[in-house]
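You will see two complexes here that share subunit A, one where it goes with subunit B and one where it goes with subunit C.
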Partner chain A sequence: MFYRETGQFKQSYAADQAVFPILQDRLGLAVILLVAFVAVPLFGNEFLLASVMVPFLILSLGAIGLNILVGYTGLLSLGSAAFMGVGAYSAYKLSTIFPGVNILVWILCSGFFAAGIGVLFGLPSLRIKGFYLAVATLAAQFFLQWCFVRISWLYNDNPSGAIEVPARTLFGLAITGPSATPVTRYLVVLVIVAVMTLLASNIVHGRIGRTWMAVRDMDIAAQLMGIRLLPAKLLAFAVSSFYCGVSGALMVFLWLGAAEPSAFDIKLSFLLLFMVIIGGLGSMIGSFFGAALIHILPIVIRMLPEALGLPIAAATVEHLTYLIVGALIIFFLIVEPHGLARLWQIAKQKLRVWPFPY
Partner chain B sequence: MNAASETLLAVDGVSLSFGGVKAITDVSFDIRKGEIRAIIGPNGAGKTSMLNVVNGFYHPQHGRITYKGKTRPRMRPYQAASQGIARTFQNVALFRGMTTLDNIMVGRTLKMHRGLLWQMLRYGPAMREEIEHRRVVEDIIDFLQIEAIRKTPVGKLPYGLQKRVELGRALAMEPELLLLDEPMAGMNIEEKEDMCRYILDLNKHFGTTIALIEHDMGVVMDLSDRVVVLEYGHKIADGTPEVVKADPKVIEAYLGVGH
Partner chain C sequence: MSFKNWLYALSAAAALTLPAVHGAQAQEESIYVPLFTYRTGPFAGSGTPIANGMHDYLTLLNERDGGIGGVKLVVEECETGYDTKKGLECYESVKPKKPVIVNPWSTGITLPLIPKAAVDKIPVLSMAYGLSASAKGDTFPWIFNPPATYWDGFTQILQYIATQEGGGIDKLKGKKIGYIYLDASFGREPLPLIEQLSKELGFEAKLYPVAAADMQNQSSQWLSVRRDKPDYMILYGWGALNATAVKEAVKTNYPMEKFISIWWPSEDDAKGAGDGAKGFKTLNWHAVGADFPLLADIQKHVVDAGKSQVSSKDKVGQVLYNRGIYNSMLIAEAIRKAQEITGKKAVTGEDVRRGLEGLNIDEARLKEIGLEGFTGAVKLSCADHNGHFSTFVQSWNGTTYEKVSDYIAPMSDKVGPLLDADAKAYAEKNAPWPARAEACDAS
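Showing the complex of A and B:
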């Protein structure tokens, strides 16, 4: 009813090639950004900011990274947690070796280290596809995690084997370490995630994104269009790992505060893959949907009994949460195998033609 | 067509085998600039293999290919693409998850040069480049009369339109040599007529050289300037449609011989 593009005539190709060609979409995005930048920090409590929103945004960024690889380029990867780890450890090393440089610079730079490692482990992708590539990236997962445990130089010979985030400031305001307030951490993460999402969205809507999707949909035809497979796939690995790396660095520096190698184990890789599949392969907004379903939904379910005044033991609630989230994942996949992003698209399509069926 | 016009592509003594299976044996023919050249033959004659050799998918064991005056033993598909050889497939090979517009835009890949940094910003030069190529793509969409399905994912399109989009994608490369692998397979008479019209228009107005594989003999004989006939990987006839039609070997290959 309100979501209708009738009367919005495009007078130039520039307007038609826009990422959000429909006015209502742009308004919706503006509202979301307004809520995220103003309302949430103003009215959100510490729990909402530190335990819900910050992890949600960081996981979304990781999911976007993985989505570039799996959803847009069609290369199955199980090494995303390891690439996040590379980002986290390189940000840690850089910030302890050069404490004078702003931590945000190092968090973003850590992405380049992850990108380099990602390209290295992406090399087999020219020869192998699908599940076999997943197994090859699994090697990255185990090898890199082994490095995080065994190479003590990476964690500065810390006897606990963990990396602990040093306190760092931006414009005199603590953004990492124990003294950083949730609001500052949230805003820093939000800015980084928003800007990087915009850049990723631009890439996938342009020539490079089309190249990736061409490789995904029909690599033989893509070659005939003049696309060289290896550079295209390696670029996807690089960009994807860059995003994972930054997300890993953010995870340690602005969310957890300290991390052991087990923080980057295969479970996290699987979680990211679930987010991407459930959210929607090849969709930016799907990455956010997926992260919300996997991270926020369990929190909401856990809080429900208390909010409703039901006398259920905490352990039971925990088990029930697993059950319900699992069932919901299966439900969503049956209803729409292409993910929540597709459901969202269908809903918008229905709205456009409402009250008629088509 | 002008018979004296220069040779665009010459295939010289090409043999291709996969293990013990000989797909092509010592085949030579040429394609002149500006002509419509048909390659025909019964199933399994090596027609598609021949196209794959021309655009670099298969590397023949023997023989040479001369394209635009340059002889080479082998080349890669992207080299063929960058030198102006475009191709459509027998079984439609579109990028199914992408819209018609995006599919055709992929055909412009080689002509777009802005790197990752500009692409990330989607502003200034990157956006200008995008719009400039969108304009070219819109011309192709107009030419093929597929305006209405611009934003439709190609996976949802009917077969005849998919074939048309695939032709559009090949055209977006502004090819000098266009290889069409059964452009009319599985089409009804109306779609076939449309496709014939596009092929003729392309050839007449844009001067595109076309090599096509087709099983509909009526189409082949009407469209093409010269025909080469393959059977079991051997060339059995080569010449104008009239000559080929009258060749006893061709009749034998298609109709069989009385025993």
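Showing the complex of A and C:
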């Protein structure tokens, strides 16, 4: 009843091709942005900002990166955590070599390093597909993680073997390091994630995105239509790794504060892949849904017994969390194999015909 | 499933989560001590006994004495699973409840907390792990890592080897010493020391790194050991790495009495390798076994009362259980000292930091606690947050660890300059590193 596009006539091609053609969607997006930019920083406590929202946004950005590769281009990758690591380590090196330059510049620049490495490991993708490509990217995961442990130049010969984030400021406000408040960190991450999501959304809705989707749906057909496969696939690797790299740099600089090489292990790669699959392959909003399910849901479950006053030991809660989240993942995949984004679509469709379903 | 049902499910979930955000405890006159534990995940085998030890000691103080100085302790466990991200989540979730101290129990979690500690005014007790350089109280006023660093431990093992060879440290000349270690920050930390000492003392070092992913597959390293035939082997491992190393050593017929580990292996690590593991040695700084008045009290007030999570009574007194006891003893004594210094009852993190700097547990105090002969005296100062205390060597006899050496002091003349250089380098790399602003209580 309320959610209906009746009467909204498009009078130009631009309006017809818009990412959000329906007024209600645009309003909804405005409300979400308003909540994210105003309500959450105003009313959220430190725990919500620092341990729920910041990680959620950073993981969402990583999931968007992986979604570009897996969801839009159909190239299976298990090396996303390593590409995140490349971003983190290059941001660290750049910021310690040139401490005068603003850290945000380096965080964004680190994406280019990750993109370069991504392209390098994407080269075999022209010849191999599916599981075989997954194994090739797995090699990237192990090789890069080995580099993070072994090449001491990467972590400035710290005896701890970890990268530690120096304190950096933006307009006189600390944004990294111990004195950066959760609100500042949240807002910085939110701006970067929002802008990069908008960019990604435009890329995938435009010519490049269509190229990728053509490659995903049938690469021989795409080739016959005149799409050059190698540049298309490598571009997907580059853009995907760029996003992963920025997300990795954000993870170390604005979330963790210090990271050992084990922060970028295969577990994180799998986690991102789960987010993409559960959220919805080839969907921007799905990346956010996936990250919310994998990151926020366990926190909520962990807090439930305490909130309800149940005396359950911390370890038992942890086991229960694993059980419940695991069961939920299976449940969602059975109910809707196309992910949470598809559920969202169904919900919108139902809303359009409500209250007179046919 | 219809859309309506989805909506119901969603609103139910939302209703359940709302109170969670405001679930903080508001108890008057209490001291909040969170314990970061890992009873789940790949390191649960080591983490569970430590968690039990820490938890049971503090529970005993509540049950038997009504807390410390008449103030109840609020002890709460937060499960980290040895995962840095979850550990930080734990830290953020306990921070609003004003903890007086945190024990990360993982080097990965300790590192991000080091710069935060001074800002949040919460001291960090990383007992014999974490950043070795944090022993320097002038640079790291909020971090404490007694009783010894990994560098200290390495020199203690070297000295033990020298005495086995029948003399002073010069006996190491010409010896071949193998070093098998976890190829992560923890195991790599002694490498610069090994490089320096092997030149100065004239021994040959053979390195056998084990990647974290291959902890349970060390056959290639042990093939190299068989080929190189080192005179002694030194082990720096954690979790499954220890158990596997002992098993592989037995399989390769390496003489177990020449296989010496840093302080982390447990009974189970040695037991798994069967009779062949007899003679395996580890460093330690506290006794094994439950033959102490305090542990008897824990048996009576905590374990028998069903307030402990130990799976069976004989777990009380195992190496890592007692390590947890030692950790909690430091916490409790620091709180007591803080009460003494400030005259307050419900102390804060700032007070406990002063308490840790003034920590002085002598033999008489150990006897009072009920831990006479359990460990050596502990005395920290503003400049020295580690103490660099002596440790001893214990040997596995098939059922338990037996103390087989005297207390060995670390070679501070070798380790000291490294620590100084390291603390300086840390402050430089993390510039602007705040200078110590905290006054020192003359103790």
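General remarks:
One rule holds for everything that comes next: the second predicted complex is superposed on the first by the 355 of 358 C-alpha atoms of A that agree within 3 Å, B and C clash if a C-alpha of one lies under 4 Å from a C-alpha of the other, contacts with A are read in each partner's own complex, and residues count from 1 in each chain.
Everything below uses one rule, namely that contacts are C-beta pairs under 8 Å (C-beta built on N, C-alpha and C of every residue); 3 or more make two chains touch, one makes a residue touch a chain.
Predicted model, so just to flag it, every value in this text is computed and none were measured.
Once the two complexes are overlaid on the shared chain, A:124 sits clear of subunit B and of subunit C alike.
A count of residues in subunit A touched by subunit B and by subunit C gives the higher number to C.
In the superposition on chain A, contact of A:41 is made with neither subunit B nor subunit C.
In the superposed model, A:205 lies in contact with subunit B only, and not with subunit C. Once chain A of one complex is fitted onto chain A of the other, the partner contacts of A:166 are limited to subunit C, with no touch recorded for subunit B. When both complexes are overlaid on chain A, the residue A:300 reaches subunit C alone and has no touch with subunit B. Of the two partner chains, subunit B is the only one that A:235 touches; subunit C does not reach it. Contact with subunit B, but none with subunit C, is seen for A:220 once the two complexes are overlaid on the shared chain.
Once the two complexes are overlaid on the shared chain, A:315 sits against subunit C while remaining clear of subunit B. Common to the subunit B and subunit C contact sets on subunit A is no residue at all.
Remark: subunit A residues 45-48, 50-51, 55, 96, 99, 142, 146, 149, 156, 158-162, 164-167, 177-179, 255-263, 265-266, 299-300, 303-304, 306-308, 313-315, 317-319, 322, 335, 343, 346-347, 350 touch subunit C in the complex. In the complex of the two chains, the subunit B residues touching subunit A come out as 55, 57, 77-78, 80-82, 86-87, 89, 93-98, 102, 105-110, 112, 114, 116, 119-122, 126-127, 129-131, 134-135, 138, 169, 173. Residues 12-14, 16-17, 19, 199, 202-203, 205-208, 210-211, 213-214, 216-218, 220-228, 235, 239, 282 of subunit A touch subunit B in their complex. Residues 1, 3, 6, 13, 16-17, 19-21, 23, 37, 39-40, 51, 76-79, 81, 84-85, 88-89, 92-93, 95-96, 107-108, 111-112, 114-116, 118-120, 131-133, 183-185, 188-189, 192, 211-213, 309, 422, 425-426, 429-432 of subunit C touch subunit A in their complex.
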